[in-house]
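Have a look at the structure below, then the notes.
The first chain written gets the first letter, and so on, giving A, B, C and D; residue counts start at 1 in each chain.
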Amino acid sequence: MTLNTIIVGASGYTGAELIALVHRHPQLHLAGLYVSAGSEDANRPVSALHGQLRGVVDRPLMPLSSPQDVAKQADVVFLATAHAVSHDLAPIFLAQGCVVLDLSGAYRVNQADFYPAHYGFAHQSPKWLEQAVYGLAEWQQEALSAAQLVAVPGCYPTASQLALKPVLDAGLLDKQMWPVINATSGVTGAGRKASLTNSFCEVSLHAYGVFSHRHQPEIAAHLDTPVIFTPHLGSYKRGILATITAKLAPGVSEAEVGQALSHAYQEAPLVRVLPAGEVAKLQAVQHTGFCDIGYQAAHGHLILTSAIDNLLKGAASQAVQCLNLKFGFAETTAIV
Amino acid sequence: MTLNTIIVGASGYTGAELIALVHRHPQLHLAGLYVSAGSEDANRPVSALHGQLRGVVDRPLMPLSSPQDVAKQADVVFLATAHAVSHDLAPIFLAQGCVVLDLSGAYRVNQADFYPAHYGFAHQSPKWLEQAVYGLAEWQQEALSAAQLVAVPGCYPTASQLALKPVLDAGLLDKQMWPVINATSGVTGAGRKASLTNSFCEVSLHAYGVFSHRHQPEIAAHLDTPVIFTPHLGSYKRGILATITAKLAPGVSEAEVGQALSHAYQEAPLVRVLPAGEVAKLQAVQHTGFCDIGYQAAHGHLILTSAIDNLLKGAASQAVQCLNLKFGFAETTAIV
Amino acid sequence: MTLNTIIVGASGYTGAELIALVHRHPQLHLAGLYVSAGSEDANRPVSALHGQLRGVVDRPLMPLSSPQDVAKQADVVFLATAHAVSHDLAPIFLAQGCVVLDLSGAYRVNQADFYPAHYGFAHQSPKWLEQAVYGLAEWQQEALSAAQLVAVPGCYPTASQLALKPVLDAGLLDKQMWPVINATSGVTGAGRKASLTNSFCEVSLHAYGVFSHRHQPEIAAHLDTPVIFTPHLGSYKRGILATITAKLAPGVSEAEVGQALSHAYQEAPLVRVLPAGEVAKLQAVQHTGFCDIGYQAAHGHLILTSAIDNLLKGAASQAVQCLNLKFGFAETTAIV
Amino acid sequence: MTLNTIIVGASGYTGAELIALVHRHPQLHLAGLYVSAGSEDANRPVSALHGQLRGVVDRPLMPLSSPQDVAKQADVVFLATAHAVSHDLAPIFLAQGCVVLDLSGAYRVNQADFYPAHYGFAHQSPKWLEQAVYGLAEWQQEALSAAQLVAVPGCYPTASQLALKPVLDAGLLDKQMWPVINATSGVTGAGRKASLTNSFCEVSLHAYGVFSHRHQPEIAAHLDTPVIFTPHLGSYKRGILATITAKLAPGVSEAEVGQALSHAYQEAPLVRVLPAGEVAKLQAVQHTGFCDIGYQAAHGHLILTSAIDNLLKGAASQAVQCLNLKFGFAETTAIV
């Protein structure tokens, strides 16, 4: 099987990773790279923006002037576009029968008021929002096989939920205390666009979006529990480390936490539950599609550490992983 | 007044900062730099180890073979030595009448069982342990003026306590939830000694000492409340950022937190309480003696961010600040 | 003596360093900070841009709407402005009798065609261009004492000339081979302005301005010899390292090079000629006003290594050093 | 065809890259990982040292106590060992008929006095030294197909020669001036071993091995021309950038240089000659097996910029590329 595949929003950092993954995938044919019609990058070869692609994928970034026409040539569409753009584009591609993997936040949470409250727009496609499958890959294998629209989770939510979900599902936490998620992301997480905030000389470790980042309600909605989520910007390019502190239900041991994690991921090739006492380290997951999870318990509390590459397991490779599950390819195809 | 001042453990990163501060201080005369008698750095000029000192302070690192003799020439002694070394040396210098500023953990907590439990040795100088003043400078002005032995706080405890103490003292927290302190330190915090852990290529963001770092009991003892403290190693040289999550007592507003902080530090020249809504950033405090504190509240919880330079406010400049307070010099002398 | 001092272009990285230096200088009174009239930073406290200044210098950046009026209040003016802006502003301040230290390239080279060829404008103030003293401080002590306008050298030219000049002056080089200057600068050298080039995720070591950087003709003009100069952008914030390869005149020994350097700088407190065999290292000069110079010779060739902090010895502290020499203050006042 | 493949010296950074490449290579079976018999890493799973391999290759590092026995099971041997170790081991494996790819310097230069002068030992296997093929892959396709022992070039020599060789071979340089090679390497180039020099806090840009680095004679020998080579340590993990300055023969144009480069590499899938005016950038080659080469000419001189990943094209992937050429596999197998 060969699927004609296009990437919209191919100029960004996630786009560049998607290109490499699709290029490497034996069942995917890279049929087109697109940017918004007015982009200054339109018609430039993508390798002029991302030098590592030179000689690998040199095709031009085409302006997406007529999505309907493009849709007709495509089996699979990756949307690495802004939330509002994905919101508008997805239904167009879906209407033409394409499978859509949306890496934005536009179809992640099917709750009234979620989009007005956290994204500043009312959702215009409630039907698709309802049908969208939230692509936290390890937890949605069945749903993905039937999905036409996959809402790939945010980077922070991926790292956070993969660590917390098995423990919550097993009822090991005392929910009196809201889990505290402190996470640090590399600067690629902010996208490829010049800004003073992301200027080399201005970047130094600090929190941002305190009590107000959109990934907090995304995590809370999918875990069905309130959390305190504080993201930080770190002075490095790639990777997310989440350190999660929670209170254990009375009598719960570290071993029980380990069992819950191991059980949840015993069949998951891209989640590595670390041996007891080890912590997740950024370097072990950078440039990979893995999520590493460590756990330690004492004094009635639990510390989980969870690390991913924000551009891969937090975006591009998880999208491909969802596609692999959807089409029945081996889960790690093109990823490991 | 000119005080003959010596620095023991002058070869490390904290030592180098102390040297620069003492050199710049108008009331201090740098009378000698010492390392342990067997050190391979003995008799080398300190500027061979720390190139930035070349042409500023080039004097040799002397082997400390006879502390008693050295003590006779000194008015002030900074101990930037290992815990066990400070434990042994301090009484020798104190017995000769020196004022001792100890930057190790050897005299920080006057509790039975603290040293056996957390440092692996039984304390042999209970009298000095009792007399030592814990040099969290902003909170000990009076005690410092009478102190002969100052136990300068650890770097993490400084960042953590300066943010938490005013809020705790004002009774603004719901102590049902233990405050969660996540902190990240630059690699200088690990000292100047070759190890694989601190090798350039091995450093990437990760937690360490989970539930077991010695600074946890130090913080808990001085704040008189349990805390969850998780330190991290960051891939940068200097600075600590602590992000602290706590639960507010019912009805407490963000403004009340701001007032508690502002009130506590209205006379403190080296603590900068940030405007509401701003977060502490590493870059603003690196190479300075300041502590920056930000605060934000929502959903009944509080996030404090606190940033210091680990080698300065977390060690060397706080030691000098304590000395300034002890001798009645302007608090920021040699620091700002 | 107290000199009313203003800084124009105070919002940038060099501006921030100048502010700290002027604040610390006992003979200077910081009388005003200015930005161009249309700047979006106008009326903001400078510490909102440069957090390290909070609590040290919080005064606002004033829009420079009437330079003439401002000039009347000022004894000394630092221009940390763009070339064309300095070109226009300097004569206005000079006409009012101010001493002007210009950190731009507008008054550095008194050669016909230099500005049209390398800066894209014809110079409108030939009289001032002629009177300007090129502030390579160690080589201009006498001229500086009489100067009203100081053209502070560029960062790369400072590192390059301080190393090469003594060797050239002593006739130790075979000029058949043009000296090859390879230099790497931290990203602060590119200024504080958002651009994709300086975005955190885009920065990685590479050459730029090959055969076309403006500092090449500046170096060649002042050394009176052609050079090959290739600048690089490094992935760090501060500092320049220049590695210079040249051919020795027949029979010249390494020792003769060392003597030429030592002799040139025996009275220079801010140039550190390293012991034979040692190389200049960035870390030793970052955050300092020093220039470190190493030299090694073999096979008839010479390698010079020269390191400075680009914002200090390459800009702000060299400007203050020139001012110190001009007014007869100790050369290192406010710098060491 | 499936070749049983072993890696000796598998604990280092190059070893880890080799493991990933062999694992990915369809014709290679990873049959064993070895370290020297006394290594403290012996019997540990390699993924405990290199976390990115966890779940990919977890097999243990075996102590190499009997090379003869190991050789009997192996078709292909990669030696990522120290020079002296490779010197001794290679003949043992070769005697058993293994194909040996040696990444050390032990078999790179077949010149009398080379090893005593630059490596401190007299070579004991002159026969193998003579038969060894220097694996600068793009230039040795024919020789490689017949080789049993491949001496994979050093990282600096690879970047330097790939850029210089076509230009020298085409007679475009004026050899009166020795080409000046300034190169900067990431810290992985120094190997995985704790040392103060490579400690995170000690690393900052500086030259080293001035006039004395072993890669200078290696380059000079294979290019058959003297060069000035000055390596630098950069504060980043991976990648080498070489900036090469040379004098053009009279009348040679930039276009002729471009033609020489393009012609040399028109069939080379892993060398990317950049468009005129572009410079090689580290980021475009990090984590890839490519060499990027830029060229610019003016004033009778030439600047070449050449970038590689030191662990890949400078070591592991070039070894695999040589193996691919040796066995007739597609040149980029497992690499792109």
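As a working rule, contacts are C-beta pairs under 8 Å (C-beta built on N, C-alpha and C of every residue); 3 or more make two chains touch, one makes a residue touch a chain.
These are the chains along with the protein names UniProt gives them: A, B, C, D = N-acetyl-gamma-glutamyl-phosphate reductase.
It should be emphasised that the depicted structure is a prediction, and the values quoted were computed from it without experimental measurement.
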{"item": "Third chains touching both chain D and chain B", "value": "A, C"}
{"item": "Contact-richer chain pair [C-D vs A-C]", "value": "C-D"}
{"item": "Relative to chain D, chain with the most remote C-alpha centre", "value": "B"}
{"item": "Centre distance in Å when chain C and chain D are each reduced to the mean of their C-alpha atoms", "value": "40"}
{"item": "Inter-chain centre distance, chain A versus chain D - centres from mean C-alpha coordinates, in Å", "value": "36"}
{"item": "Chain A and chain C, separation of their C-alpha mean positions in angstrom", "value": "46"}
{"item": "Residues within chain B bordering two or more other chains", "value": "202, 235, 281, 283, 286"}
{"item": "List of chain C residues in touch with chain D within their complex", "value": "176-178, 180, 182, 184, 202, 204-208, 210-211, 226, 228, 230, 232, 234-236, 239, 241, 243, 245, 247, 279-283, 286, 294, 296-299, 301, 303, 305, 307"}
{"item": "For the chain D and chain A complex, residues of the former touching the latter", "value": "50-52, 54-56, 269, 272, 281, 283-288, 290, 292, 336"}
{"item": "Of chain D, residues touching chain B in the complex", "value": "13, 187-188, 192-196, 198-203, 235, 237"}
